[in-house]
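In the two complexes below, chain A is the common chain; its partner is chain B in one and chain C in the other.
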Partner chain A sequence: MPQTPILQFEQVSKRFGATVAVDGVSIEIAPGEFFALLGPSGCGKTTLMRMAAGFERPDEGRVLIDGADATDVPPHRRPVNMMFQSYALFPHMSVADNIAFGLKAAGLARDAIGARVAEMVRLAQLQGLEKRKPHQLSGGQKQRAALARALARGTKLLLLDEPLGALDRKLREETQFELMDIQKRLGAAFVVVTHDQDEAMSMADRIAVMRAGQIEQIGSPVEIYERPRSRYVAEFIGEINIFEGVATSSGDALRLESSEGPIEAHAPLHVANRTAATVAVRPERMRLAPAGEAGANRLAGVVHDFAYRGDHRIFRVRLKSGALARVAAPSALPAPQPGEAVTVAFDPDACVVLDA
Partner chain B sequence: MRRGALSGGRLWALLVPYGWLALFFLAPLALVAKISLSKSIIAQPPYEPVFNLSDGVGAWLEQAQKFALTAYRGLGDDPLYLESYLSSLAIAGVSTALALVIAYPLALAIARSDPRRRSMLIALAVAPFWTSFLIRVYAWIAILKDEGFLNLALMKIGLIDTPLTIYATNVAVVIGIVYSYLPFVVLPIYNSLEKQDASLREAAADLGAGPLATFWKVTLPLSLPGVIAGALLMFIPAVGEFVIPDLLGGSDTIMIGRTMWNDFFENRDWPAASAGAIVLLALLVGPIVWFERRQSKGQGA
Partner chain C sequence: MTAARLPRLATLAFGFAFLYAPIVLLVIYSFNASKLVTVWAGFSTQWYASLFSNAQLVASAKISLQIAAISACIATFNGTLAAFALERFGAFRTRTLFVGSIYAPLVIPEVILGLSLLLIFVAFGISRGFWTIVAGHATFTMCFAAVVIRARLAGMDRSLEEAAMDLGAGPVTTFLRIVLPQLTPALVSAWMLAFILSLDDLVIASFTSGPGSTTLPMRIYSQVRLGVTPEINAMSSLLLAAVGLALLVSSVLSRKRAS
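Then we have the complex of A and B:
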């Protein structure tokens, strides 16, 4: 028997006036899963999360928490806690009182509250800051206090709205690992809303990529990255080169006549013969070969420029049609200079055939 | 900010408010203080300064011991002043408390209403100011007197058989003060409620607090600066209120404003009345200083 999902959206829709914020979304999130809702601002990911917390009521569909219909349950009765993007720490209360708030509301005994607060303070590494007010905390400390407060009640489902959005870059990376560590230790399901693909990719077990209120693709980070289903997903996550043309397929082989030359790929079965098709290739799946190599998946070009990224360089190569291809090459290799003629080479395996 | 030589522009910018205060607050205050330290005489004006600038410090000290504090000692000996202060504080206190009870829900309702409608509701809350204050207080006489609208209405629906005596009592004074000062209390409370981050209430709900618990633990404590500001804004002028007790109060309504008026115009004892004003000011400066301290200390509290 499959596990009961801790959180389930069933054909959920939400409109604000004339705009459809969420449009017929269905997602199941397993207990203990680290799930990311990823998309640009305005794609409906925050609205979806607010429906899970109970701050918005879906116009259509149901929200189930741990198998029980929670669609009409008010926020204060839901077995869910949320970490707000602004942290929403109570400014008139100390860190300890903020953490204790949910425990007091639950009617816990005084010493039980004290013990739990101390535990959360340790977990979030807030020792020595218990008596501080929120305005006396740094950004990272506020973030940890908000996390501790949301975790204190020990609910099996935690919603995090852009949890790292307000942190600077270095702190963000550290905190990613901290969050993953805490999630593993507690075994609670984390649902993170983010617009940052790196954040989603590095933390989540599964990612739902959203676009205009709908789910574009759900999958593991590897699936989303390596086998994006649509051009939208491919372009939203990481850098990618797109080739358009007319496809001829035979069996599982596909040959695309693109303006850059012939491209061979492994074809999914649904691509019909002689139709327009799109093929995508990640920069790191390409390499730079000496000029003059010919054949399928060998595109002639001239180095336009490159950016040094430490362990690798990103080359922009001007292709025949005038388009710029992005090719990643290890920094250890000798770098062709701008103006030099090269061949952009890649395997059929590296090609992803996109839906549209 | 570094203290140092002020640039010309900054100096002028500071000079305007300080000049205003010096001219229209400090100078009259000094005048009142001077009168309060003078001797009452039968003349025009009816006081004789004890201090003259030309006398020098030595003469001042001598005079101070002889006469200067006569008016203040008089206040202590006169039970009317003590009673006036206490009664004024009581009436202003009760009125302020009642006004808070009415103003808070009003401000909360406005702050939680549709943002597009808020400015209209605020305009309605201050709409009474568009009519002359005096006329509105007179209107209360028509409502509260024995054969007034209130008694007629209450008798008509059979709640009472004989008219209630409200007009010319302290109750009428309290009603008048609450009515007149209500907008001054609503506005600061509304302001602090409207500024409150809605996500704080969501966070409270998310952590399991119901609407009532959220109000007591989050909304109300965070709006306290507005509540205190509104209360002071009403309490301080209400203590010295003269017109409302004069129009709505009875002969047994004693408020300090009236007592001072009597001393000025009936008894022509300017020093006593001035001393009364100075003592009242001293009484009221306390709460203001306390509030200022609290404001500057408790950032975000």
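Then we have the complex of A and C:
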């Protein structure tokens, strides 16, 4: 990375009693990047974030902020701000006082504070709510007030713990775009902790998928989705069909003898000949062909059922082995009915060979 | 349903009568014109007037109020420290012992507490009086204060403190601007409780008092032994009014905070 990373974890580990919450994690986050820590609850993503904020001290490894070792710097001396999952708005202070809190602590002059608060109120669209107490705000307003407070000090790194977790679905989507917009305008690095893959995919420049305290894969949303490295990542992000079998590779072509029939894929370099391998295919990279089409990547099956999703339908097709494959097909196409024999077809390009 | 109402109302009336009839009677007879406590002879406020000209009673009331106020302050301060140690210091080594020793005076008989205080004052040659009562009261009311404050502290959202620190406030600022404002209702309640307990105490005061430091309950008790006068009724009614008012104020305050 050419620039100094704004946030860097160096072989960081953290244990709580017998459980290892974070296990040897190294991440570098660039200035101005929108980074997501994604994983199920208990995977260590929140602990990792709390170590960046200074609320937990790593047992091993270092945390660097803007190139400086911050491992032993207490939270109130770190050039980092955090937006809490519960928002943690001070209940006895108005919205304006909440936003001004960090500025007062920094010892800013009174009119400078006033100007900055007004700016933040505009940014978070809280006009007219400055005098309200937190309990007089709606969920979305609380979320924006918490964001405004965290942004007020203008630090180059903002940590957001499940920032959209408490919002209802429609508001969540709107707020996603707002967050992205604000992040671009301010140019600060945002690190978001989330268990929601859609949220991570739509907002982040890069995603780190975590599992049991370790990083499973780091990459752009496209990489994570299109080229998942492991079965865990593939299954965590979106829907996917998994085929297992014995692989034979010749050159860059790989042929998998699966229980559904032969599957052809482009071979990555690391798969040895005649070993067990796993191939994954996204539902939207498959199509339904008339029954009887034969050949590689043509799997015979019977439509089990389908779900209408507006622009597309998700078919569940019972394959030869009895497994159900998920196939997405545009709603505009005629839909085969349950019980109808079909062929599930896909290109070698659509196949991802997984590590495990 | 209406058939079941009458027995229910009767039960309720009996319950309240059981609790409050003696007190109501006491207040009524404080306005009795007769000197005889049990014979009603018309309405009068003369006993209130004579009460305030009874120098001994007034002096004792003053002492009691002073002791209650000072010991309540000490108890609230120490109780706060104890509550913080229990809630925020994690699992330190002697925690169980500490919890036990904080809460023990809640169940130790007052007589024993009073006696042990007396023994220690005698052993160290401390002359008994105003300040020994203050010390005794602060000791046992602190436990009650600690219970009240600890409950509030346990219910407080830790992330508020973290948010304050995250926004650049040091530990002292965080305590003063975030923790203390939220703790205030509990501190007020704890202080009131300690105040009332001290005002009310006869046993521990008797053991730890010395010449010139007779508290109001001690004075009332010694006068009653010579016969109850309506003056005592009047004094008790005033005490009741004061305690009732204090309770009302604290409940209104805490309700305002909650909303």
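The rule is short, and it goes like this: the second predicted complex is superposed on the first by the 355 of 356 C-alpha atoms of A that agree within 3 Å, B and C clash if a C-alpha of one lies under 4 Å from a C-alpha of the other, contacts with A are read in each partner's own complex, and residues count from 1 in each chain.
Going forward, contacts are C-beta pairs under 8 Å (C-beta built on N, C-alpha and C of every residue); 3 or more make two chains touch, one makes a residue touch a chain.
Quick caveat, the model's predicted, so the values are computed rather than measured.
J.: Check chain A with both chain B and chain C modelled on it and let me know: fit or clash.
T.: clash
J.: Using the touch definition from the top, say if A:L354 reaches chain B (first), chain C (second), both or neither.
T.: neither
J.: Quick check on the superposed pair: does A:V80 touch chain B, chain C, both, or neither? Answer first, second, both or neither.
T.: Both partners, chain B and chain C.
J.: Between chain B and chain C, whom does A:L319 touch in the aligned arrangement: first, second, both, or neither?
T.: A:L319 contacts neither chain B nor chain C.
J.: Which of the two partners, first being chain B and second being chain C, lies in contact with A:A105: first, second, both, or neither?
T.: In the superposition, A:A105 touches chain B and chain C alike.
J.: Which partner does A:H92 contact after superposing on A: first (chain B), second (chain C), both, neither?
T.: both
J.: Once the two structures are fitted together, what part of chain A is touched by chain B and by chain C alike?
T.: On chain A, the overlap between the chain B and chain C contacts is residues 53-55, 74-77, 80-82, 84, 86, 88, 90-92, 101-102, 105-106, 149-150, 153.
J.: Okay, in this complex, where on chain B does chain A touch?
T.: On the chain B side, the touching residues are 197, 199-200, 202-211, 213-214, 217-218, 221-222, 299-301.
J.: Which residues of chain A touch chain C once you look at their complex with the stated criterion?
T.: 53-55, 74-77, 80-82, 84-86, 88, 90-92, 101-102, 105-106, 149-150, 153
J.: Going by the contact rule set out above, which residues of chain C touch chain A in the complex?
T.: Its residues touching chain A are 157, 159-160, 162-171, 173-174, 177-178, 181-182.
J.: Please give the residue numbers of chain A that touch chain B in the complex, ascending.
T.: My answer: residues 53-55, 74-78, 80-82, 84, 86, 88-92, 101-102, 105-106, 133-135, 149-150, 153.
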